[in-house]
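First chain written, first letter: the chains are A, B, C and D, and each begins at residue 1.
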Amino acid sequence: MAEYTTSELMVSRAAKELKNGDVVFVGIGVPSLAVNLAYRMHAPGICMIYESGAVGCVPKRLPISIGDPCLVTGSLAVVPMLDVFNLYLQRGLIDVGFLGGAQVDRFGNINSTVIGDYAKPKVRLPGSGGACEIAALAKKVVITIGNSKRTLPERVDFVTSPGYLRGGRERESLGLKGGPELVITDMGVYRFDPETREMVLVSMHPGVTVQKIKENIGWDVKVARELTETPPPTPEEIRIIRDELDPQGIFLKSKAG
Amino acid sequence: MAEYTTSELMVSRAAKELKNGDVVFVGIGVPSLAVNLAYRMHAPGICMIYESGAVGCVPKRLPISIGDPCLVTGSLAVVPMLDVFNLYLQRGLIDVGFLGGAQVDRFGNINSTVIGDYAKPKVRLPGSGGACEIAALAKKVVITIGNSKRTLPERVDFVTSPGYLRGGRERESLGLKGGPELVITDMGVYRFDPETREMVLVSMHPGVTVQKIKENIGWDVKVARELTETPPPTPEEIRIIRDELDPQGIFLKSKAG
Amino acid sequence: MSKQMTMKDAIARFVRDGDLVVMEGFTHLIPFAAGHEIIRQKRRDLTLARLTPDLIYDQLIAAGCVRKMIFSWAGNPGVGPLHAFRRAVEQGKPRPLEIEEYTHFGMVLRFMAGASNLPFLPTRNYPGTDLTKVNPHFKTIRSPYGDEELWCVPALHPDVTIVHAQRADADGNTQVWGLYGVQKEAAFASRRVIVSVEEIVDSSVIRSDPNRTLIPGAIVSAVVHEPFGAHPSFVQGGYDRDNDFYLKWDAVSREEAGFQKYLDEWVHGLPDRAAYIKKMGARFDELKADRQMCEPVNYGF
Amino acid sequence: MSKQMTMKDAIARFVRDGDLVVMEGFTHLIPFAAGHEIIRQKRRDLTLARLTPDLIYDQLIAAGCVRKMIFSWAGNPGVGPLHAFRRAVEQGKPRPLEIEEYTHFGMVLRFMAGASNLPFLPTRNYPGTDLTKVNPHFKTIRSPYGDEELWCVPALHPDVTIVHAQRADADGNTQVWGLYGVQKEAAFASRRVIVSVEEIVDSSVIRSDPNRTLIPGAIVSAVVHEPFGAHPSFVQGGYDRDNDFYLKWDAVSREEAGFQKYLDEWVHGLPDRAAYIKKMGARFDELKADRQMCEPVNYGF
């Protein structure tokens, strides 16, 4: 079986969340690679939307920013950002939004604003950009992040993008639909308990143990009764990622083997 | 001196209200002719905007609707109607708006909705269209209408487009700026008293008497101390109107002589 | 996947009795072919919304399809009144017509609020007008910044919006130039969208100029190839507005009988738009637009 | 009448110490030439607003022009942090920077509210985020229809907005294709507007395609002919984004000293954009866009 990197596995797993015909709000990095992989594999009818206003993109090269000119050339539509947020996102047209961040907590809340106190930050991060509205208004959200006590604390320092807040029905009670559906890390995959809305480990990547997961997460994480192994990327997926999507290895630097 | 019709005089008088560089919200008929006359005479820098979304129009023929294709071809910009109302009108970019109607009253309120009761109308008129927002949001409004007890009642049956309401400071108290500045009829020209905001006769067309005016208006209208005679259109103005603006006499049917 | 179908099928599948229907296009691109097909298929109890009902809604009223109308200016532009509308409102003939009245600005904001999934939008318009007294849907709010009071209009959510355009691909990615009106806002506000176009083009044509795309295929239910589908309205770059038709319509529609005669001859009496074009004959040659091409722009990088 | 002038004159006349300045362009068309001229003219105590401060605002911060920043995403896209911004916020170096933070949606609505002369605009966004706890300008309102509660953002009214575009006529009628960002909303929200363009064209070019006009001359104060005025940002159909520049910028700007060295060499050390182009030399040939022209359309009738 082909060698692959953890990033390639994450890209492959994220791609499986996308159905043909989905309207997807795409970010840069793993999300962009995952959507383009799904587009080439099982979802040719996928519609990629970037917050910059490009709709139905067919990028001829890997965009390193969400406003790259290659997203415009040959796209189906280019619209003002006012329309992206009002008519696409708030209107409810976005099936899947991909998000990352510096921290994701037990209830899927995301922090991309500050580490430490907002007024006197230890580390000042870029901030929300479009993340908060994607988390609030997309039909479903898929999160990719590293698996460590630092990146997966019990409670984020700052809720930039709302997940299930403090769990249970709190998100719905504030009038928000959707919410995070899946968290894909470099060690495993998590879903959210339908009642408590708490992150639950549902699959581990090949070679990872429950103990290793528990040592690298900020709370006593629950484990699904039927815990599976994350399917590794197929040789075809690896070929597409390496040869077509990221030939210079800009986002997936460490190649395997 | 050249023969001319009353309509031609009204067009000529209305044109004089326009300064070079004015941004003008144009309607069909006398307003359209007046703006195009000013454009050809003393105001080549005038910017014509139609509520249909055409900006900086250079119509090659007389438009019979405010959405005529000749308003689009060669214009400076074509914008969504949302922008016309939000970004141009409400934003405060419109210097002059022209309005007509079925009735105009003592305080410059305009009715283009119903004659009689709204629920059981004697005559159902077309309604506001964009007139209400022009009256509310343009910096100044010029009104053209026939001069009779029917068209100039003391109080309109229905306030479609706000003038000075019941006079005095009522319009300002509701947060509205601007307001009607001039009423041009087939008999004379009226302005509004800065205190009472009541229509005052300031000039009469050649051959018209104060008595005739008073017999054809719905209240005891005040007359300005220095009452002048409305200057007739110049031969050049008449030539432009007849040969260039309305050659088929669509709006100015009855030619003089 | 392709959403292309005939107008007959599009109306049969997506327009239902009792629907709130919007056929937009401000003077430009009014979808008359769709309106005629709705009359032929005898839809009933429709609520129609449109800034300017124009001849198209007057015909639907006379044909007995309409229960209620939401509008802002009901006239024959530059000509006179809409006679079926006036008969219905003034005399309740052939049947009473319920009306809900706004201004152009108000209608545009209702569509934009619906398209944005907001309950309402505010405006500085409306102080002093009597419209807010006769239409209870106008409400005020106090700004949380300072305390100005503003009027609001509620979101409008059509069951189906029908628009006509210059071109679209089979997936419904639709491009418009010339007057935009409120087609985009009306389409996004709507549960279902039917687009009829002068020309179905390959997606590569749409993709050669993505800034021109007004309505994305993602919200479109049906695409209909309907040349001359807007007549007597016009298509910028296609055919001129048939001003003679609008001028003569006043006499045609003044009496109920004359109006019905027109509907019998030009709507009920014809199977589809193709037959209408054939019957119009040489008139369309006279209306054909002159060529005035834009400067192309470069989308390369 | 013509509003064409040099960038030096435009900045001197229309950008003042203490102004609320907006230089917009989302990744695309960022007006770097204007930013450099503001640095050269040593404007002080500016409040800068922009969705993505990007390198342009980071340079203004390092140059000491900025008192406060209003923004929604402060990073080097796809690369890393903005180092001058972080130094100012984390360590108060060279001086503390006041910040007022939103999200992209919030910033877009602030511009649209300003452009529409409304005190605010509502959104369904923001329940549950901590941003509304640290920024008191977020306020709630109860819908007069039903009683949902919505968050609002206040209108933004810049003293001056600066945008770069592909082309304009001398009166300032400006056309853009490719990513629109929020240039239109920012320009209409602003008291003064400066437009710099790759190409000044005759009005007949603008008039050949009026649907492409994004900003009308009626709101423009100055038009500047500034080829390559957006580098290292890009111009669709003109030149590619200089991704290498953005990648290398991380090392260049990581230390205060290196940052100042760049400003000395590329901003203070040069009189204007022409000198910058000369100094860049062959790089611009590499960035030049390929030709991929759109299908022209017919505006005739």
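Here is the rule we go by: contacts are C-beta pairs under 8 Å (C-beta built on N, C-alpha and C of every residue); 3 or more make two chains touch, one makes a residue touch a chain.
The shown structure was predicted, so the numbers you read here are calculated from the model rather than taken from an experiment.
Enquirer: Averaging each chain's C-alpha atoms to get its centre, pick out the one most distant from chain A.
Expert: B
Enquirer: Does B-C or B-D have more contacting C-beta pairs?
Expert: Higher contact count goes to B-C.
Enquirer: Please compute the C-alpha centroid of chain A, do the same for chain B, then give the distance between them in whole Å.
Expert: The mean C-alpha positions of chain A and chain B differ by 58 Å.
Enquirer: Can you check how far apart chain B and chain C are, centre to centre, with Cα atoms defining each centre and the answer in Å?
Expert: About 28 Å, centre to centre.
Enquirer: Could you tell me the distance, in whole angstrom, between the mean C-alpha positions of chain C and chain D?
Expert: 37
Enquirer: Cα centroid separation between chain B and chain D, in whole Å?
Expert: The answer is 41 Å.
Enquirer: Which positions in chain C are in touch with at least two other chains?
Expert: Only 112, 117-118, 123-124, 148, 177-178, 180, 184, 208, 211, 234, 236, 240-241, 289, 292, 299-301 qualify.
Enquirer: Among the residues of chain B, which are close enough to touch at least two other chains?
Expert: Chain B, residues with two or more chain partners: 54, 69, 72-73, 78-79, 90.
Enquirer: So that we know how the chains sit together, what is the shape of their touch graph: line, ring, star, complete or other?
Expert: Shape = other; not a path, cycle, star or full graph.
Enquirer: Just spell out which pairs of chains touch, all of them.
Expert: Chain-chain contacts present: A-C, A-D, B-C, B-D, C-D.
Enquirer: Taking the complex as given, what residues does chain D use to touch chain C?
Expert: 117-124, 139-146, 148, 150, 152, 154-155, 166, 177-178, 180, 205, 208-209, 211-212, 234, 236-238, 240-241, 289-301
Enquirer: Under the touch definition given earlier, write down the residues of chain B that touch chain C in their complex.
Expert: Per the touch definition, chain B meets chain C at residues 28-29, 51-54, 64-69, 72-73, 78-82, 85, 89-90, 109, 113, 118-119, 121-133, 136-137, 158-162, 165, 170-171, 174-176.
Enquirer: Under the stated contact criterion, what part of chain D meets chain A in this complex?
Expert: Per the stated touch rule, the residues are 26-28, 51-52, 71-75, 77-79, 81-82, 85-86, 89-90, 101-105, 108-109, 112, 123-131, 134, 148-149, 177-182, 184-185, 234, 236, 240-241, 243, 246-247, 289, 292.
Enquirer: Flag every residue of chain B that touches chain D in the complex, lowest number first.
Expert: 23, 45, 47, 54-56, 58, 69-70, 72-79, 86-87, 90-93
Enquirer: Residues of chain D touching chain B in their complex?
Expert: Residues 1, 112, 115-118, 173, 184, 188, 203, 206-208, 210-211, 213, 216-219, 299-301 of chain D touch chain B in their complex.
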